[in-house]
Amino acid sequence: MQGLAEVLATRPVSAYVELTLHAPDIAERCEPGQFVSFAVGGRTSAMLLRRSIAISGVRGPAITVVVSAAGPGSTWLTELRRGDEVDVVGPLGRPFPGAPAGAPALLVGGGYGAAALVGLAARLRGAGHEVAAVVGAATASRLCSTDELGRLAAPLAVLTDDGSAGRAGRVTVAVAELVTGAGVVYACGPMGMLRAVSELAGARGLPCYVAVEESMACGIGVCMTCVLPVVGADGRTRFSRACTEGPVFGGDRVRFEDIGTLPPDVVGADAMGLAPAAAAPAGAVAGPVVTSPAGPGETP
Amino acid sequence: MQASLGGVPLVSPVLTASGCSAFGQELDPFFDLTAIGAVVTKSVQLRARSGRPTPRMAETPSGMLNSIGLQGPGIDGLLAEELPWLAARGARALVSIAGSRTEDFAELASRLRGVPGVLGLEVNISCPNVESRGEVFACNPDASAEVVAAVRAAADPAHPVYAKLTPDVTDIVSVARACADAGANGLSMINTLLGLAIDPDTMRPVLGGVTGGLSGPAIRPVALRCVWQVHQALPNVPILGMGGIRTGLDALQFVLAGAGAVSVGTAVFNDPSAPVRIAEELAAALGERGFGRLSDAVGYAHRRADPPAGRHSR
Amino acid sequence: MQASLGGVPLVSPVLTASGCSAFGQELDPFFDLTAIGAVVTKSVQLRARSGRPTPRMAETPSGMLNSIGLQGPGIDGLLAEELPWLAARGARALVSIAGSRTEDFAELASRLRGVPGVLGLEVNISCPNVESRGEVFACNPDASAEVVAAVRAAADPAHPVYAKLTPDVTDIVSVARACADAGANGLSMINTLLGLAIDPDTMRPVLGGVTGGLSGPAIRPVALRCVWQVHQALPNVPILGMGGIRTGLDALQFVLAGAGAVSVGTAVFNDPSAPVRIAEELAAALGERGFGRLSDAVGYAHRRADPPAGRHSR
Amino acid sequence: MQGLAEVLATRPVSAYVELTLHAPDIAERCEPGQFVSFAVGGRTSAMLLRRSIAISGVRGPAITVVVSAAGPGSTWLTELRRGDEVDVVGPLGRPFPGAPAGAPALLVGGGYGAAALVGLAARLRGAGHEVAAVVGAATASRLCSTDELGRLAAPLAVLTDDGSAGRAGRVTVAVAELVTGAGVVYACGPMGMLRAVSELAGARGLPCYVAVEESMACGIGVCMTCVLPVVGADGRTRFSRACTEGPVFGGDRVRFEDIGTLPPDVVGADAMGLAPAAAAPAGAVAGPVVTSPAGPGETP
């Protein structure tokens, strides 16, 4: 679904900006874990690509998003004013799966990642689940949605690396404490945090779902730029698209340590290393052949 | 607004671009796939390919760099799932084929003979993204001709064969001529330009593949120049023009330069419904300018004749 | 932030670009001409040239097309007025010379021997704008080498000779190597890409010269790729990098790719004080990243070594 | 002079928008006939080149411009709101020269070109000159500055091609009537109008100054894109820059009929047609050699 949404309200939230957008078609169909993608920079902008931003909440016909000003595109979003219109596509991606019946849920949010968990917390509480939450950030100003999650989760552990708010330390410290009482774990935030949380949950055989971030050119599954190595149901690892097969994946399925590399056992990896003239010499490990470009361009 | 691709009639002169529409399924929610000329599928090879490690993209002024490395299911996967899906919906596919050896291209062409829904073949002799020790085929007239001849011979006679050219050559006309002489039914122009971006923080190339393909409105003037030069030299060879098309007036420029049909690639990332919007805008623009048929406008800018009685606002 | 051009010391690594700063006089109100590395003058030929009929420009996404046709006063006018004006103000000139025959280049080089204020010569073997029956010199390694050798022989020994390359070739490294072997003290990269725009209303090419040179941020990824490939192949040949530089971080990318100095062209049209702003931004960016000297950063992105102790935010 | 100017006011004026900008450095030094050039589209715009717009008036530290929404850049200017900032360079170009002592002046404005004459009318009246004016446009909504000029000039003839306002007809009709009583003529508007007015003034040996428009990439004299054939003091025709040698030229000096062509007698025209191999065959008219590009590129 694609169209113009009016900015109903814009509110600074610590280091971020929360935008409330009138988007009934999206509000009515979106589920926690899904995202939208915005055209940025205005009609004549040189920024061609859309920016993907998680949906943090739904209020009737409106959705809310929390934007952190990183580069020029997200910065432009944070400068939108009430009454402006913004071109948005969504809801996109696969949402967080439901929790096993009766299972107490532990939600772990890092930085603005916490915003994507607010809707999930409300939904889980609505379905009768107990909800605990851990929210962390590098420093106090990078924390997010602690109030909203405070109203929905008990206990709510807040941590900052530099100790400027809540407990000093990384979220994993609190997760290790609370994970024992959990039946399912959900996480959204920086890749390093998702990896640590997945390991903690995996060690206890708990189902764990993580919402990942990867640079996205299209956000709708047609360009293949947002892939990461994910183990499929058949046990084989494939480069899967974060925007359509994700952004939510089973924590135990994502090969965090191999992101940004070409593991030799990825489906189709063997076809990458072939020398044009002859087949790869027997036994040659078709590892990531990171050679500089071979002449003016590379053949297909 | 009827159009054609190497003699095969199209419902519209606007197609998607290879690599910017996967195999059509993801665009289905955004527009009617049967309303566009064809879905040009992601270049497929004999074997499934993982593609390169990420990062695979970098945004650039009015464009982007990509270094995908031709990730795809391989011909078997395509024949089993992707093409049947499109055929079942009555959508047309222009199947892009790629390989690192002439024989690979020929085998792909023969595997696609008689496959339902397949309109024709786009021979990707110019994609700059996949490792190989040799040069890009499309940088060499003879190598290009060899592939085109082999594909033409092996392909379904009913499938028009379009050779896709790279702009990164000293003389694109010589490559175009070699392909046409080798039997290509048309020419797809242009593939991406080879580019690079360095991350000022990591101080390393942004892309895992170091260099990547530049696409989007930034390259439109280069694409138009290539269409202009090739149409000027080979006025009777059909051209599928692409490179930074975002609006109907952009598409009109390609038609006036000599393109009989156009592909819309990177613009889809900004506007998923771009192909149908651009087709509507192009039809209106042609009508306003007094062109009864698209074919009257093809290459019009080359001819000295006065413009038709249509509106001239200047 | 000391830098050098073929051994000649510069007060700054940022220069203007030929054709985007005329002969410096018009930029004087906007910044101190002695604070930049040098004014690279509009390519001059033996005789005065009117240049092409207008229109001579078309705006394009993140760039522009130009078809000036090397309008200029000719060497006599340059020696009589433009260069003395610059020398009187202590500004340095890198004089760009152009011609349609090797002898013309050689004569221009000798006419400039010992002229006050002249830092060196940029040999424009790649400007795509002036009519001639033959090919662009820079599209042919041998033709390029011939011109470079003749200029090197005729020029003032104290003047470094930089050969300016076009990206519109299949293999820019072969042209670069030919120029270096022929005695070029450095390479200026890149000139404009050949492009075209058609006016949707007149339905004719916008430019009087039909095609024109594409410049500006749109071509930056192509320029960076050319600098990367040439530095990779010829690490000891100094490079003056240009193509769409607008900020210090853009300039940093060129330095990391292998450029020892940069030229700022089309960006001046948007921000007349760009050269000094970009020099300040570049100096700050180098300092933040722990580079004591510019030369430490030149080509840094090619080297596998870990980045220095400077700030890494990623 | 280059910097950010705040938009103090924006007012629709028939089909145009009048912007009032706080730009003391420009206001204090500009003279009628000069222009400013605006960066357009905002920080991330793909529109790199500035748009040149004539200065229509000065009010203390503020200048006014009248913008007609043509393409994306001028349209963006017309959408600026009070309080916005815009990057402006100026004053640029050479102003209208003074009138001969005591000479009654006739000012002729076409479309938004009339706006550039308001300041001139005020200056001339201040210097004791009689000022008459003719203002024309294709239709009523394209007229401009009729009020301001009405207060400064007598008589003021207003014409529209379609007769929707004032007299029906082209400005040249009224100019032919009023030129007999004039001692100097100033004009600003479309090239065709400037040509006709120059011919009328020239026929009577009256000094005539015209402010031309030519596509400008830089606006400050460094790019050579804005040239037109102008006869110099030495009688020789040169391609002169509208942005620095103009935009105001002597009407009798501009070879209107040759704009967009390469007349063989332009200084340096002979060097353009030379075949690379041999000198142009004797007697060959080195006329505009408009051949299609000779192969992949053209040598310098």
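Here the chain labels run A, B, C and D in written order, and each chain numbers its own residues starting at 1.
Keep in mind that, in the parts below, a residue touches a chain if its C-beta (ideal position, glycine included) is under 8 Å from a C-beta of that chain, and two chains touch if they have at least 3 such contacts.
What you see is a predicted model; the values in this text were computed from it and never measured.
S.K.: Any chance you could check whether A-C or A-B wins on number of contacting C-beta pairs?
M.R.: If we tally the C-beta pairs in contact for A-C and A-B, the bigger total goes to A-B.
S.K.: Comparing residue numbers, which of A-B, B-D or A-C shares more than half of the contact pairs of C-D?
M.R.: More than half of the contact pairs of C-D reappear in A-B.
S.K.: With centres defined as the mean C-alpha position, give me the subunit A-subunit B separation in Å.
M.R.: For subunit A versus subunit B, the centre distance works out to 33 Å.
S.K.: Using Cα averages as centroids, what's the distance between subunit A and subunit D in whole Å?
M.R.: The computed centroid separation for subunit A versus subunit D comes out at 55 Å.
S.K.: Between subunit A and subunit C, what's the gap in Å when you average each chain's C-alpha atoms?
M.R.: Going by mean C-alpha positions, subunit A sits 44 Å from subunit C.
S.K.: Which residue numbers or ranges of subunit D touch two or more of the other chains?
M.R.: 46-47, 292-293, 295-296
S.K.: Which positions in subunit C touch two or more other chains at once?
M.R.: Those would be 61-63, 139, 168, 170, 194, 210-211, 216-217.
S.K.: If you look only at subunit B, which of its residues touch subunit C in the complex?
M.R.: 60-63, 65, 139, 168-170, 193-205, 210-211, 214, 216-222, 224-225, 228, 244, 249, 252-253, 256-257, 285, 289, 300-301, 307, 312-314
S.K.: Sort out for me which residues of subunit B touch subunit D in the complex.
M.R.: Subunit B residues touching subunit D: 61-62, 170-173, 217, 229, 232.
S.K.: Spell out the residues on subunit A that touch subunit D in their complex, using ranges where they run on.
M.R.: Listed in rising order, the residues of subunit A that touch subunit D are 40-47, 72-73, 76.
S.K.: Residue numbers of subunit A touching subunit C in their complex, please.
M.R.: Against subunit C, subunit A makes touches at 46, 292-293, 295-296.
S.K.: Spell out the residues on subunit B that touch subunit A in their complex, using ranges where they run on.
M.R.: Those in contact with subunit A are residues 19-22, 25-27, 29-30, 42-43, 45, 47-57, 59, 61-64, 66, 68-72, 74, 98-101, 124-137, 139, 166, 168, 194, 208-211, 216-217, 266-273.
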